[in-house]
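Presented below are the structures under discussion, each in the form of structure tokens.
Same chain, two partners: subunit A is paired with subunit B first, then with subunit C.
Up next, the complex of A and B:
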């Protein structure tokens, strides 16, 4: 019923056209499969949850350039000023901003004794106070928050209490409860930090780092000339606070520069910009490639119809139904499409291997070439049926006209 | 003859507008994508040092302890930066790091602004051929006997002094008065190869202050600071004496002898330091890299760009195969007409060249249209992603490259169809007329 044999002999009689189509399909499948794999990998990266109220939290920095400033006292006053501004939900000084691409990161020391001491995975370090959790909008899932009186001021190495992200707790202590554990911020036995709480998700600053999910909050308000603040305010109030905050801080002390207001959602955008760019360009490529392939396919079918007008007329005269004509073209192109698809999938896997060995890409998953071939079959159907319907309308009389 | 063929080609294109449009579209999209990715790649991989690239070297030292970092760090320690200055070998050399200041002027109404600054030696300006608008670098003497002198950029000069010659005026950096000795003409190498630590496509600093002032003024490092061991760093003196890496070092070496001499000097330096208990690794070494190598070491061209260029080249091939198929269809459809021309006396060569001209014309149209696509997609991308302008400007070379690739590609695709059509026997086609 599918008339495979006459179709095959048609294909064999005029090889160059089908071969070109075949090459095009092979290349398209291998490009589209790899591109869509990379796209989905990037989308997975970009859709990781930061655990924050991203559109409510922003950061900015204050640079106190008078060396006689008592940085600790100044920061304390600034924090009170910030928290009293209308619209502000929470504010804290911090050592770094999530997703910002810059900040503090370190490994810690663990163990029973000096000999058996080992290092933890790297983790981002947020130095802040009891308002840190509220400001970031992260969820505490075990233990407790810092009490106000537990917050220390000045140098980072006096920290003695910590709240860790769930990912870090899991990587460090496995299934044991993290609350109550101790790690050392320096070598074994030095600068012990007791874990008092665990938050569900808190990401670090570098989105391409493998330990992005590892974070630690320590109970110190840093006292340096440079201070970064995190503020959570009602959505949409940033424009107004951008003016209000420097004005309020300058009323207290003029000798500083207040600058760099940026929402976490904007930080996210910059952090993932390269990934988004890659995904966008590749998507553009995939769409255009499919467009070109289907247009080329349609063009070839149209050309074939014109060439075979007489043949089609003869077949119609001999009793072939319109359906048969359409299915002839469909089957003809399905054969090319499936052969091309299978070879293309193999080439795609090879190309994926090459990309993996040259660049830091993971192994191509088989589902991508397979779904590309499936998509291609749908596309072929559309690209063939439209012109083939025209072919089916060729009147049987054509066959007799010029003989 | 060429113009006659061009005329024929134009007629033929008009006769099959849909098929021709399809071909022009196919090739233009292929060119558009290729030029877009190639442009981003090329702009990211420009060597901004030009002909001086092979004379400028970044120095790296394996100063870390045993079982710590397994690679050479991109930066060196302050003490090494300070010591390396003693080498007599390089023509020019400078240590440096990034800091920043609150900038004020004599005008009390001027709101302080925060600016990045580079702490470096006088040789910086010679090494990297920084042009001056007014004045010049500070004296060599300042590098050993600190003085409060500063070089600012044209941009900052515009912002603070309305663009007039400010040499001799006073600028307050973190409340300290500095005398302006020079104003640089706009200078912004991209990639910012002399320090790629904090974004290879960031702008150059607008303020330059003497390295010799660092111990007294305690300039904080605003760049990357990497440590391989825990050590106290509460005071600035501790930081200067630490093993933390936060300085960069560049030297100029004019010929192979100098390179060899300098490498020898560095080896000796390491031996000396070993006696002092530093450079614990038995095979501790120094390495120098010229600008091209340095950009490669730092992977300034992201891998993504290379993948994109590769995939878009494949994409272009698909477009060409597509075009080849369509051309074949188009030419074969015209076979009867060609049969007549052959019968009247046109030679195979004439038919072949006539078709190649037609293909070339299609390629040219595709190239021009492709350039438009590339321009459009680059502006779209730069608007949407706030990319650095340096990356999304359509390079001048692309104006030539795009049509050339298009024409060459089209001609390649056209050879087979044109050969098929000129080699068919005219009688076959004449018979069916």
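Up next, the complex of A and C:
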């Protein structure tokens, strides 16, 4: 049976131990709730779908150091070479690699007239050819892909066709169909780009950028001394292609350096390394705090059992059943846990607001402090039940012993 | 009321086997006031613990108020302790963090009485021992005699069939001891059976019957009436093939 009133009396008359435990619980709840929220945010960030076949696509770089090289023609030959290698599903030159942390990004302009023109949100710009979609493994959900004859070579400014990510289409044109829309790659009225297709998901290069989901593919094969290629190959063939690709490219032209070879999944790992580290450190801190709190609870119960051995025996002699003794310790610690949990939850919300204003974190969702308090109740039960069961086994005969 | 037949209690360790009670026989009738005396280590406390269901016994039969106590579950034993037995301990065993009312209320909570009934019984029990006005005081604010009166109130609050008192005056000076003894006599006169373990022969003489325990066996019965020794005989001898110590003493 519950004995809240006498337990409260006992707690109020022996404040120091419970207050220390209370402070520990308040700190634990406020820190664990915020840490769990941050961990969850990081995990959400890390688990975002890039829309790519990450374990099949890799990039590498070619630097043509002979200045007399016709870069456009060389790239064309290189792509033919790559596409003919065994195990290669698709290959394209590109301006950037998704999730790599480096590349091209810009805003575009659009509107009916120069006066009413407005800028789009920022978007990553991929310059590539008709094999870009196949190479990345992204899914076209509206419109069409580029045709081979639509691919232009040389300067990026000549692009006139574009394929956009669904997120960019929605941010720019809302519920209107994106296919058929026009924007300008530079100022209003210059270089119009017609949207011919929409892909479901295509992320840019910078995982911490709020516009990560905004991407645009433009129909240009860049012709520079330095060229980056994306290759999609059958899974597990990277090691073999690492040897085969430089050999094949050097057979055509030895005056260049071929380097890199990194899967998108490896780029993802590098891009999210800090997030992963933060989540790991915070998880360890949460585990440590919960461990310390449960040890504190168990220690407090064991100390109280030691201190109250005779009292427990007396209670048993007066008719307490074993379950009464267990429930006594459970209720006593639930009271401390719930009071500490409620104060801790309020402190957690306050701390969350401070973190929000200082570090631009999102606002702490209430479910986190509430879940932490619920978890703490479970933890209290586990931490208390074992020593309490031991207390319940104290013989009532101890009541008649003089020491 | 209380009937013990051939009760034995053996404490075993790896090396030693100690017989705390051997072939222990005793009957206590309803309304009796029995004093149990004996030297230290004779088995008085073991007898009290077994009588109060605080610990089990190795062999024999024990009936309390018609209930066979052998093989009772822990919960059932706790319920019988709570309903039928009131305990008075030498060291009072009050809970220092609870005030007098809360202390007296402890067994009533385990009985499951509602708040109103608990309050009524606490008030009545504390009035019986003359401490109703101090029910909000803590035990540490009372003298030893007053603390023992609170312990008596706690024992009485559940309206038990009998009281087990373990050296109830052992920690009190003579004046306090006399007051506590007078209180126990009043309670007995009101119909409650009392078994009191004591070292004090003066106090023992005030009981109706004295039982002396030596080496775990009852060795002497002495009946008193109004403080005068009237009968000296074994009260009960059963279940033993060999003459027991009490037989030898009686003969």
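By our rule, the second predicted complex is superposed on the first by the 401 of 403 C-alpha atoms of A that agree within 3 Å, B and C clash if a C-alpha of one lies under 4 Å from a C-alpha of the other, contacts with A are read in each partner's own complex, and residues count from 1 in each chain.
What we mean here is this: contacts are C-beta pairs under 8 Å (C-beta built on N, C-alpha and C of every residue); 3 or more make two chains touch, one makes a residue touch a chain.
What you are looking at is a predicted structure, and each value in this text was computed from that prediction instead of being measured.
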{"item": "First (subunit B), second (subunit C), both or neither touched by A:306", "value": "first"}
{"item": "Touching partner for A:322 - first (subunit B), second (subunit C), both, neither", "value": "second"}
{"item": "Partner chain in contact with A:96 - subunit B first, subunit C second, else both or neither", "value": "neither"}
{"item": "Touched partner set for A:186, first subunit B, second subunit C, both or neither", "value": "first"}
{"item": "Larger contact residue set on subunit A - subunit B or subunit C", "value": "B"}
{"item": "First (subunit B), second (subunit C), both or neither touched by A:330", "value": "neither"}
{"item": "Partner chain(s) touched by A:391 [first = subunit B, second = subunit C, both, neither]", "value": "neither"}
{"item": "Which of subunit B and subunit C A:65 touches, first, second, both or neither", "value": "first"}
{"item": "Touch list for subunit A against partner subunit B, complex", "value": "16-17, 20-21, 23-24, 27-28, 30-31, 34-35, 38, 63, 65-67, 155, 186-187, 190, 225-226, 255-257, 259, 270, 273-274, 276-278, 280-282, 284-285, 288-289, 291-293, 295-296, 299-300, 303, 306-307, 355, 359-361"}
{"item": "Subunit C-facing residues of subunit A, complex", "value": "1, 3, 5-6, 9-10, 13-14, 310-311, 314-322, 324, 395-397, 399-402"}
{"item": "Partner subunit A, residues of subunit B touching it in the complex", "value": "19, 22, 25-26, 29-30, 33, 36-37, 100-102, 112-114, 174-175, 220, 230, 234, 302-304, 306-308, 311-312, 314-315, 317-319, 321-322, 324-326, 328-330, 332-333, 377, 381, 384-387, 416, 420"}
{"item": "Residue ranges of subunit C in contact with subunit A within the complex", "value": "45, 48-49, 52-55, 74-75, 78-79, 81-83, 87, 89-91, 93, 95, 97-99, 102, 105-107, 109-112, 138, 154, 158, 166"}
